[in-house]
Each structure stands twice: as C-alpha cells, then as structure tokens.
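Presented below are the structures under discussion, each in the form of structure tokens.
Across the two complexes that follow, chain A remains constant while its partner is chain B and subsequently chain C.
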Partner chain A sequence: MVGVTRGYRVFQTVNGFVLAIVVAVTLFPFIHVLARSFSGEQEIRSGQVSIWPKGFNVTTYEKVMSDPIFWVNYRNTVFYTVVATAIALVLTTCYAYVLSKKHLKGRGLLVGIAVFTMFFNGGLIPNYVLVSSLGLRNTLWAIVLPNAISVFNVLVMKAFFESLPVELEEAAAVDGSGTYGTLLRIVLPLSKAVLATMLLFYAVSFWNSWFAGFLYMDRQELFPVTVYLRNLIAGATSGTDNTATSEAALQIAASIQAVTIVLIMLPIMLVYPFIQRYFVSGVMLGAVKG
Partner chain B sequence: MIQLTRRHLLTAAGAAAVAAGLSACSDDGEGSTEGLDGKRAGAMEGFKAGDQFKATEPLSFSIMMLSNQAYPYKADWPFFKELTARTNVTLESTAVPGSDYNQKRSVVVSAGDAPMIIPKTYHPDEEAFIAGGAILPVSDYVDLMPHFKDKVARWNLQANLDGFKAEDGKYYLLPGLHENTWQDYSLAVRTDVMEKLKLTAPTTWDDLTGVLREMKKAYPDQYPLSDRWSTPPQPGANNLFNLVGTSYGTRAGWGWNPMEWDATAARFVYSGSMDQYRQTLEYVHNLVKEGLLDPESFTQTDDVARQKFATGKSFVMSCNAQTLVNEARKDIAKLPGAKVAKMILPIGPAGATLPGHTRLENGIMISKKALESKNFVAMMQFIDWLWYSDAGLMFSKWGIEGQTYTGKVDDGSFKLDPGIKWAGLNPDATKDLQVDYGFFNGVFAYGGSTAMLNSQFSEEEKAFQAEMNKREIRPVAPPAPLTIEEREQVTLWDSALKDHVFQNTLKFALGQRPLSEWDAYVKELEGKNATKYVDIVNKAYERYKKAHG
Partner chain C sequence: MILTDSTVPTDATKDPPEAPMRPRRRSWGRALRRDWQLYSLAVLPLVFFLIFRYLPMIGNVIAFRRYEPGGDLFGEYWVGLRYFRMFLADPTFWQVFTNTVVIGGLTLLFCFPLPVMLALLLNEVRTRWLKGFVQTVSYLPHFLSIVVVAGLILQTVSVDGVINQGLRALGQDPVAFIQDPDWFRTIYVSSEVWQTVGWGTILYLAALTTIDEDLYDQARVDGASRWRQTWHVTLPGIRPTMITLLILNIGTFLAVGFEKVLLLYNPLTYETADVVATYLYRVGIVSGSFSYAAAIGLFESLIGLILVLSANSLSRRVAGTSLW
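And then the complex of A and B:
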C-alpha cells in the first residue's frame, strides 16, 4: 500500500494483537463449554478440561437426544418462538407507530398506560387466574399473548419512528397515500434496522423463556425445550432423586450443563450473523435522535 | 418477560391466601365422615385393612404429577395401566417438572385450580395453604383410610402426626409412614488404613477421636478427617455437625432446627444455646485443635474433599449409601489396596438412640374441591390402598409379581427381574424400572415397613441398617402450632438468630472465638430475641395442650 507509515504498521500490528486477545477471551468460554460437553466425567470433575475434550464421551448427548420428548419440546420451542415473534413484531410496530405521531390525541395517556405496566403488574396468581379463565391454558396463546408487547421495545421503536423525517410521510400523503399505505410502503422499508433489532430481541427472549410454558402448560408434550432442560439440570445438580446414581447418571451430572448450553445456544447463535449488521445500527438509531 | 423471585411468589401466595381466607370464614361446615352420604359413588362397602381396593365403577381422579428428572413422566407407563386394571381408577395427570414443582403447586393451589390429589409436599410446606382454605384437613377423614390408621397404630406414629397438627387440632397432610428411622448418613472410613494401624471400629465419638489420633500419629502431615457437604447457609461440615449434634441431643448442621424439646423440663428450648450445642462445638473444635479435622472442611467444595480422599490425603469423610458406592469407592479405586466402608454411627451422650422425627415422609394434600365430588370416599379409599397398604406400596415400588419381580420382601426372597435395572441392581439390564415401567416413582413409592426398605439395599447396607435398627427411637416433640401472627413474628427473629448461630458455630469450631465466651454468646442470642421466641413456642404448646389435650 502506498503511503503507509511505519507508525501505522506498528499500530496495525498492536491493534491486531489486542483484538486477537479480545477474540480469544470472548471465544474461550464457548470453546470450553463445547469441550466440556464432549468430555468424560472424571476429567470434568478433576478440572482437566480446558479447550479440548478429554476422555471423549457422548453419553449425555445420547441421553438428551434419544428422548423423543426432547424433540417434541424442541419443535414446540421453534414453533412458539416463530409465532410469538411474528405476532409480537406486528403488535409492537403498530403500537409504536401510533405513539410516534405527535398529533395523536391522548398520546400521553397511551404512553403512560404502557409505561405503567413496566412498574406495576397484577402479580403471579392473578395473571394465572386470568389466563386460566380466558381458557388459554395448554394453548400456544398462553405463551404468546401475555408477552406480545414489551414496553421497552415499544419505546425503542417509537424513538426510531420519531426520528424519521416527517417530510417523507407528508410527501406520501400528498401523493394520496393513506395511513396504512404510508406505514407499509414508506415507513417500514426504511425501518429494517429497527425491525431486525426487534426481531432479535423478541426471538431471543421467546427462545430462552421457560416460565410461561412451565406455568400454563399441564402436559409434557406442550412444554418448550427450556423447561425440559431446566428439569434435567435441576435433577443432575440437586440430586433430589437418591436412587438413580448409576454410572451414566454421574456422567450426565457432570456434563449436562455444557451439553444443554450447546444444544440450546446453537440455533439462536446461528441467527446472529444474519441480523447483526442491522442490530448494531438499529440500537444506535433509536438512541441518537434529531 | 416477567422475572419472578421466590419473594414475589410468597407475597402473591400470601395475598391470595389472605383473600381466600376472608371468603372461607363464612363457611363453617366442617367435614366429617357422617356427612358424606352423597359422596360414596364408586366406593367399596366395608373397606378394611388388607382389602384390595377396586372402585365399583370406572373412576378418574386428577393428580399433580411430579415429572422426575431422572425418569420423566410418561402417560403410557405400565404402572398406570396396571393401576387401572387393579383399582378401576384412571389418574389424570398434570405433569409438572420437578425442577419447579413447589412453585407451580403454590400458584395452582392459591388460584383454586389444583388437581384433587397433590402429592410430594414436605411438611411444613402445607401450612402456607391452610389459611387459604384450599386444602382439606385430612385428619377429619382418616376413618375412610383403614390401612393408614392401621400403620399409624402399629408403628406408634400418632405422636409424630400430632406434630403436624395446626392450631385447630387437625393436620392437612397425609405423610408417608416409615416403620423405623432410616439412618442413611454416617462417615466413610478407609478400612485398610484401620487394619494397617490395627485399630478397632469406634463405638462412641470419643473412640473416633482416638482412631483419628492414631491415624495422625502414623501420618503426621495429614488431616485424617476432611469433610464435605459444606453448602451454605449452614456453617459447613453440615453432615458432621448433624451427626455429632444428634448424638449429643441437639440440632446442628443439616439437622438444624431452632426448637428442641427438653423432655425433662417439659418445655421447648432454643437449640443454639443448649449446653448440648456447646458440647457439640467443643467436640468438633477439639478435632480441629488437635489437627484431626481439616479446617477447610467447613468451606471446601465436595469435589475438593473428594479429591483429598481419593488421593489418600484423608481417610475419613461423610457419606451415605449412595455416595459410598458411587463416589468414595470409585474415587479410591486407583489407590492400591484401598478399601472403604460406612462406619457404624458412633454413639454420643444421648445414648444408642436415633431421633424419631424423621419417620414421616413427604405426603399428600387433598384439594378442597375433591370434597365436592360424588366420588370423594372412593378417592380416599384409593389413596389409602395405593400409598398405605402393603400391597399398594409393593406395587408402586417393585411392580407386578411375576413380571418385574419375584418373591416376597418379608422373608427376604424378593428378587428384581434380571432383565430390569434399578439403581445398583442388574446394572447390565436393558430396561429401567423407573424410566420404562414407571415403578419406584418418588410420587408413589416411599415409606413402608423396614422389610420393604431392606429390599432395596445391598448386603453391605443391610448389615449397616441392621445395626442402626437396634437403636431406640427417641420420643418426638409435642405439637406447638403457632398462629399466623406468631409465625410471622418468629420468622423475623429466626433469620437473624440463625445467622448468628451459624456464624458463631463456625468461629467456635475453628477456634476463632474461644469457647470461654460461650456465656457471652448466649447473651447475644437473648439480645436477638431467642428467649421471646422460645416463650412464644412454649405458650403455643400450653395453649394447644389445653385445647386439645
């Protein structure tokens, strides 16, 4: 390259070195967990495993993956996440878009109502009674509806919509576009960044969520996989069952957490690279307004 | 997503309980076996102990079904099929992951949405639901349960049950019943080292000190006893403290309970200020002082303690039947000639006795809704047969004679089918008694006779249990149920007191605080309302005695 000074080259080297360390520090926990998940019980217990599996062993993977219920629950998680994210995205967008319009009468009140729920809620048992008497228990809706709108996400989106130039929408109106037309043809195509961000926020939170599934589902085949894995971890670590301590159980106890983390993290991790570039600009966009 | 903490839940449960309690005040129709005429559909006439229960028409009862991590619930287990064949009853299960069973139970019971049968409840958890009126005072209906009554009478468990009673003189939980105290925990000891040093097995705790001294003499650079099970909040070495404390006649470590019954004075005393507690501390402290007990015992993780034992750095460590076989014995496999066995529990000043309060297991709550069912009587008979008859217990534990097992437990001829594995039995079999059949499920199979319990032990463990069963069972504390206000008050005091006891237990044991300051420590406890606490409990005891005899 032309005009590269010696100083710049030094900077590049140092920079690369520092970044390499950062990468190593960030990656290490992932690799460590991955290595643990494939290691033997004795090796894990004595702390010999660092970044390479020792005493290669897949008993725990076999145990987890050979259980048909695991796959049923996994499918549930995917299904719940997709449906819930789609619905949440639509509802959040609508609410945020409406709130971003300064000429809306009662806007302050609508924002207030939303923010109110950030600080106060009915409490666990009233929520349960409500969901139960609406007949939502043991259905997908018990997971989707109570969590369909996250107020925090609404506020982020609202800030984003407010930052869009008003002139654009006015121009659309002049050309004869109605409210919905403007939203669908003008605003949303310009909001890919924030939509991707919301998509990620919702998808991750529904993917990781276990409590709604645990509380509102009474049948095993309806649980999300997080409930399944939570149960497995609790059993392996608390030893509530004093009768099942076979060889395999010991192996499972040692590596179950690592296996769980790998299995549950993989799919959602694979989503990140595709959304990340929107994600970064999306969060920033909502933040710096005007 | 709503993040829930236990505190939220308790607050919510409490609020719901108060609300439900207000509404429950209006109905005072107390259930009794006479008023059950419309509720006998499907029930057996003249059902008595020894009878096989079979409903006269097909019935179904809803049940909260804990799905155990090790053997997740399956609706098609042979257990359920055979149960229906034998009793004409189908169980409708609400599957709840064992990881958060109590939480879901709190919510559904408080919301008035609970299944009829709510098993796997550990006393005193049921107390939280009494005021809400969502669960039945089961003591009113034990006349419907001949097997239960028979076992309580034969095994002399009425005093234990009395301890479960609430202020109204009724109990709300049907606990599992054990014929005998099951002492599982003791110390694992390297028998090859004992043999090499020509030591005899210790009978008393002082003998044990002698044994440890000899070991120290032979290996002066090591701590012969390095213990495990030091998870907070207890002070550490929680099993050791429990064993020693029990042998001295107080409650320490895992066995901590703020109240201990002083039979001679006929009153409750605060465990942490008993002289027996001081003696327990003195004993443990002397072990530390003489270098016999590793001071890290109180803080180290189980893994560290196990590594010390595995590498021959220590010779004695806490154990139970499971950890002896699965951990201690495996850990020392690499040491040439090393052998380990469970030590017969040493005897202390409290004599060759075992505490009696562990003879009641977790148990069943009955939802108030169940009483509205026309099949209520049949349900109580069904529960009585499945959980309390020998035939029912044998069925839920070992399955079907001729299919999953042969022989009898009473004469020791019991044998699990060789094609089925359970815990250490038949390790190479392909089928698992719990996972594939649904037997030996913690929801149904617990308690029972000593012969029944013995059927699950190895020869080695049977020998240990035979020694333990020779010990006399101590009388249990009389009931002293507190009112809600009293309970709230003592709960406030209790946590501050407990913290102080645990902190100082550790200090005294390690010698950071000399035992000459014991009196000052007792004063500190009084400053934290220990005396008031004891007074409230003793008042409750007197009040209960007056009201219910």
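And then the complex of A and C:
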C-alpha cells in the first residue's frame, strides 16, 4: 500500500511532462533572441528565425560593438554598479550591525524607521522633485543615493549577525577591542557568505536598473547601457510611424536589439549558475525574519 | 574602548537584579556613553532614511499646495483639495484607475496561485538533479533587467517573431500584438507569470521541507491517497506562507509593474495599458503638473496602505495568521 500505485506512476509521467514544458517556455525567449542576434536581416524580417539562426553572421555584433556610445554606456553601467554597490554595502552593513545588538537602547525605533519605509513611500513625484532640487541630476549620485539602502537586505544581514555567537564579540571586548575593531576584525571575517550575498543582491539590482538613469540623465554619454537598450526598443513600441523609411529603420533595429539584449544579459548569464544559490539562501534568511 | 571595557563587568553584575525590574531604566545618557560607537555607525544610514525616504513623504504636501518647478521643495501656497477635486473629476483618471484594477487583479489571479502549484509539482520530483535543474532554469528570468525582459517580449510577439510564425503556420494572419489594445493585458500578465513563477516557489519549497513526515505516515495509515495527502497535509502545511504572500500581493496590488508598462505600452494601447503610475508619470514629469500628479500619487499610496492593513487584519481574524 505504501508502494507506488499505477495512478502515481501516471502522475509522475505527467508531472515530468509539465515541468519539461515549464523549462521549455522559460528558456524559449532566450533562445529565440540568441538565434535572432546571429541571423541575417532578411531572414528575421521574413519571419524565418525561431530557435536556430538563419543566414548566420556576426556583422550585427560587429556593428553594435563598434558603436562608441554603446561602450560608453556599458562602461557607465559598470562604474555606476561598482560605486553604488560599494556604498550600499557599507551602509547596509553598518545599519544591520547596529540593529542586531539586542541590548541597544532605541533599537526598536531604529528598526521601525527602516521597516516603515517598506510599506509607505513618498512616491515618484516627491522623489523626483527632491533629487532635482538637490542638484543631483546628471550625476552618478542620482542613481546611487536614492537606492543606497534596501531595507530587505538590512533585515537579511541583521538576521545573520544575530545568529553569530555572542561570546566571540564579548571576548573581543574583554581584550580591549572597541565596536569598530570588533566589527572589522571579528564579525566581518565571519560574515563572508552574507557579504557575498549582499554584494550580489545590490550588484545585480544596480546592473539591471534603468529608470533612475532614464529619469535623471539628460545626456547620452551619461546613460547606463539599459537606457541605451530602452531607447532602441522604444522605437519598436511606438507604432505610430507608418512611413516606409521608419519601417526600414525599425526592422534594422530588430537584429540590433537582439544583439544588445544578448550583450547586456551576458555578464549575468555567465555568473548566474554560480550566484543563484546565494540569492536563494538570502531570500530564505530574509523571509524567516521578515 | 575603555568605556566598553568598563561596562562589560558592570553589566554582568547588574543583569540578574535587573531581570524582574524594568530594563527601561537605563537612561539615554548612559546608553549614549556606553554605545556611542554603535550609534555612530547608524548616523549615515539614518541620514539616508531621513533625506531619501522621509523627506519625500513630507514632500507630498505639494499635493495640497501650488508647486513651481525650480521653486520651493514644499510648494508656494496652500490650495486645499483643489488637485484632488481635479483628478476625481478627470475621466482619464478613472480610465487608468480601472485599467490598474483590472491588470492588478489579473496579475494577482495568476501570479499568486501558479507558484504554489509549481512548488507542489517540484516537491513530487524524486530525482534531485532534475529538481535542481528545473529550479535553476525557472529562477533565471528573475535576474534580468526589466528592460531586457521588455526587449525579449517585444521580440517574441513582434510581427516577425515566433508567435506570429506559429500563427502563420496555422494559416492565420499575423497580429501586431504590441499595437493592439485587446492584447496588452494578455501580454502583460503572461510575461509576469514567466518572470515570477519560478522565483515565487522558493518560499513554498522551504515551507514544504518543514512539514513533519509523520503526518504523511499517519495519513497513509488512514488510507489517504496521494491526492488526499496533498489536500489535507501539504496544503495546510504551507498555509501560513500562502497567507503571508497573499497579504503582500494584495498590498502591492495597485503598484502594477510601472516600469514594465512604461516600456511596453504606446499611445495605441493606452486605453487598456495606461495605469495610474504611468499616467501620473506623464502628467507630472513629462507635462510638468507636479502638484496634480503628486495628488494622484498620494491617493494611490494611501489606497495601497489601506489594502495592506485590511488584508492583514482580515487574515488575522479569519485565518489566525498575520504579518504583524
């Protein structure tokens, strides 16, 4: 009776089939866009390209990669990501460490100040007005500062710090180590795993962000590469132009779009298999506490 | 350093008698002297919260005041509820409000239950590498920029894209999906499912591992079929997780993926695609009616807050589980 019934075997087969479909549907758009990126203009335009390149070529790659603005924007993305992640990591670590100290007077208030912002925020217009009137437009800070701390990440890190044995820090304090010293020499070396998780959370979110760049940058040479892509696809969504010339321009954009998408995804896809488990453990850690 | 040093023994000796009394008696002065290094670490983050989170909240006063671009951050003079009366009488507002409710409702309808089902299916997979593989693949869309997602969608549904190729193979005429208002919701919701279903299983899979195996054994002894085990053991086991996520989903119900709509819509599809957030973006930032847009934004945030609070209290009363 505990053994495998016929019905259950049927179920297992059906289940395997359903999951195979899930995998196929998830991967399909990636394969499609990859195939298009290596295909010829003609073949794409006549709708022949599905999962395998037709009219194989790499000229579109050469064309996109020879566009100096593409590289300027790509470099911007790397630069914005590095600076923003570094700042976010420092601020998040500091705040999470403070919040993890149970004895601290006013700790509840400090937690409340952060958590309240998860449920209520100022909204687009006041944020825009603020960033503009602080004079941050067209600077790196418009991207970095408004998103410098994610409360979810603070809670993940706080949960981790709370799980560290108290004795270690007490011993350090007895040895005459101050808070800063304990944090730097005792706590952080033990927190490499959670620091790596936080680094990835922030780096991926800044790498992927586009709206701040779109909103606050007026000059092309300041755009992150996501805004470069946005401007390419914006031409494709506005279906109002019907003239022959813009039709041709849109079609050329099709393979260029595919190549740009591939080039932006590439770094994330390459590291994805290695970083995925850090994300999962981070989410769990946050969920347990949050 | 010396301060921390000297307080450690004092604290140790003070702790036992303190327990029955209220520990609140430590004064702020003492706490500051003792933990000033800790407090100093909180200063910069607090400045961040003050400037970039709380100041914009206060900045919402421009919804009640006349604001001049480039003028005072908090507006020039009071106008009362003028902007609220304006948008409540604006037919476009009600149009985008309806669109928001419809898109948000459809998203909730599909994006909430599907991860539960996928998690249950994954839970039945006995081959470890296979389960890991499906998980890895299904999490992938979560890691992409929304711009890349929009690009993938546009390529897939374009006139020369793969869906139209399928239609042509069936002898149908190609459809310009992205320019057709009747298709916007379908595109939005199905791509939302594509993006979120895999990642959404994580918390359920974690909850599934905590269910006591004994419960299954007992159910089997009672002669329960696999299906009945799922219904009577598995689902109750993940119910708290489901309720928590449902509350969160309802709370963010009106915050329909603003960035995705902004990337996918166009004037031809406004009638179904335009949502409150994109409307206030165009009215406020593109056209410069900041106060009017701020009034709409404040209205939306308040509804969001009310939704979270009521979903939470409802689930506390009905299901005995709540976020706080």
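Please note the rule applied: the second predicted complex is superposed on the first by the 195 of 290 C-alpha atoms of A that agree within 3 Å, B and C clash if a C-alpha of one lies under 4 Å from a C-alpha of the other, contacts with A are read in each partner's own complex, and residues count from 1 in each chain.
Here, a contact is a pair of C-beta atoms (placed from the backbone, for glycine too) under 8 Å apart; a residue touches a chain by one contact, two chains touch by 3 or more.
All values reported here derive from a predicted model rather than from experimental measurement.
Peer 1: In the superposed model, does chain B or chain C contact more residues of chain A?
Peer 2: C
Peer 1: Which partner chains sit in contact with A:Arg45 here, chain B, chain C, both or neither? Use first/second/both/neither.
Peer 2: A:Arg45 sits against chain B and chain C alike.
Peer 1: May I ask you to decide whether A:Thr117 touches chain B, chain C, both, or neither, giving the answer as first, second, both or neither?
Peer 2: second
Peer 1: In the superposed arrangement, does A:Ile125 touch chain B (first), chain C (second), both or neither?
Peer 2: both
Peer 1: After superposition on the shared chain, which partner residues are touched by A:Arg230: those of chain B (first), chain C (second), both, or neither?
Peer 2: Touch status of A:Arg230: both partners.
Peer 1: Which holds for A:Ala254: it touches chain B only (first), chain C only (second), both, or neither?
Peer 2: second
Peer 1: So in the superposed three-chain picture, is A:Arg36 touching just chain B, just chain C, both, or none of them (first/second/both/neither)?
Peer 2: Only chain C; A:Arg36 stays clear of chain B.
Peer 1: Now for A:Val98: first (chain B), second (chain C), both, or neither, which partner does it touch?
Peer 2: second
Peer 1: After superposition on the shared chain, which partner residues are touched by A:Arg6: those of chain B (first), chain C (second), both, or neither?
Peer 2: A:Arg6 sits against neither chain B nor chain C.
Peer 1: For A:Ser209, is the partner it touches chain B (first), chain C (second), both, or none of the two (neither)?
Peer 2: So A:Ser209 meets both chain B and chain C here.
Peer 1: Do chain B and chain C touch any of the same residues on chain A, and if so, which?
Peer 2: Shared contact residues on chain A: 45-46, 121, 123-129, 209, 211, 215, 227, 230, 232-234, 236, 240.
Peer 1: Within the complex, which stretch of chain A touches chain B?
Peer 2: 45-46, 67, 69, 121, 123-129, 132, 147, 205, 209, 211-212, 214-215, 218-220, 223, 227-228, 230-236, 240-247, 249-250
Peer 1: Which residues, counting only chain B, touch chain A once they are in their complex?
Peer 2: Within the complex, chain B contacts chain A at residues 1-2, 4, 8-9, 11-13, 15-16, 67-73, 94-100, 104, 107-108, 110-113, 303, 306-307, 320, 322, 326, 421-424, 427, 434, 440, 442, 456.
Peer 1: Per the contact definition, I'd like the list of chain A residues that touch chain C in the complex.
Peer 2: Touch residues, chain A against chain C: 1-2, 5, 7-8, 11-12, 15-16, 18-19, 22-23, 25-30, 32-33, 36, 44-51, 91-92, 94-95, 97-98, 101, 103-106, 110, 113-114, 117, 119-130, 133, 145-146, 148-149, 170, 173-174, 176-181, 183, 204, 207-211, 215, 226-227, 229-230, 232-234, 236-240, 254, 257-258, 260-261, 264-265, 268, 272-273, 276, 279-280, 283-284, 287.
Peer 1: What residues of chain C sit close enough to touch chain A in their complex?
Peer 2: 1, 4-5, 8, 11, 26, 28, 31, 35, 37-39, 41-42, 44-46, 48-49, 51-60, 62, 67, 70, 73, 118, 121-122, 124-125, 130, 133-134, 136-141, 143-148, 150-156, 158-162, 164-165, 168, 174, 176, 178-179, 194, 197-198, 202-203, 206, 220, 223, 225-226, 251, 259, 262-268, 277, 280-281, 284-285, 290, 293-294, 297-298, 300-301, 305, 308
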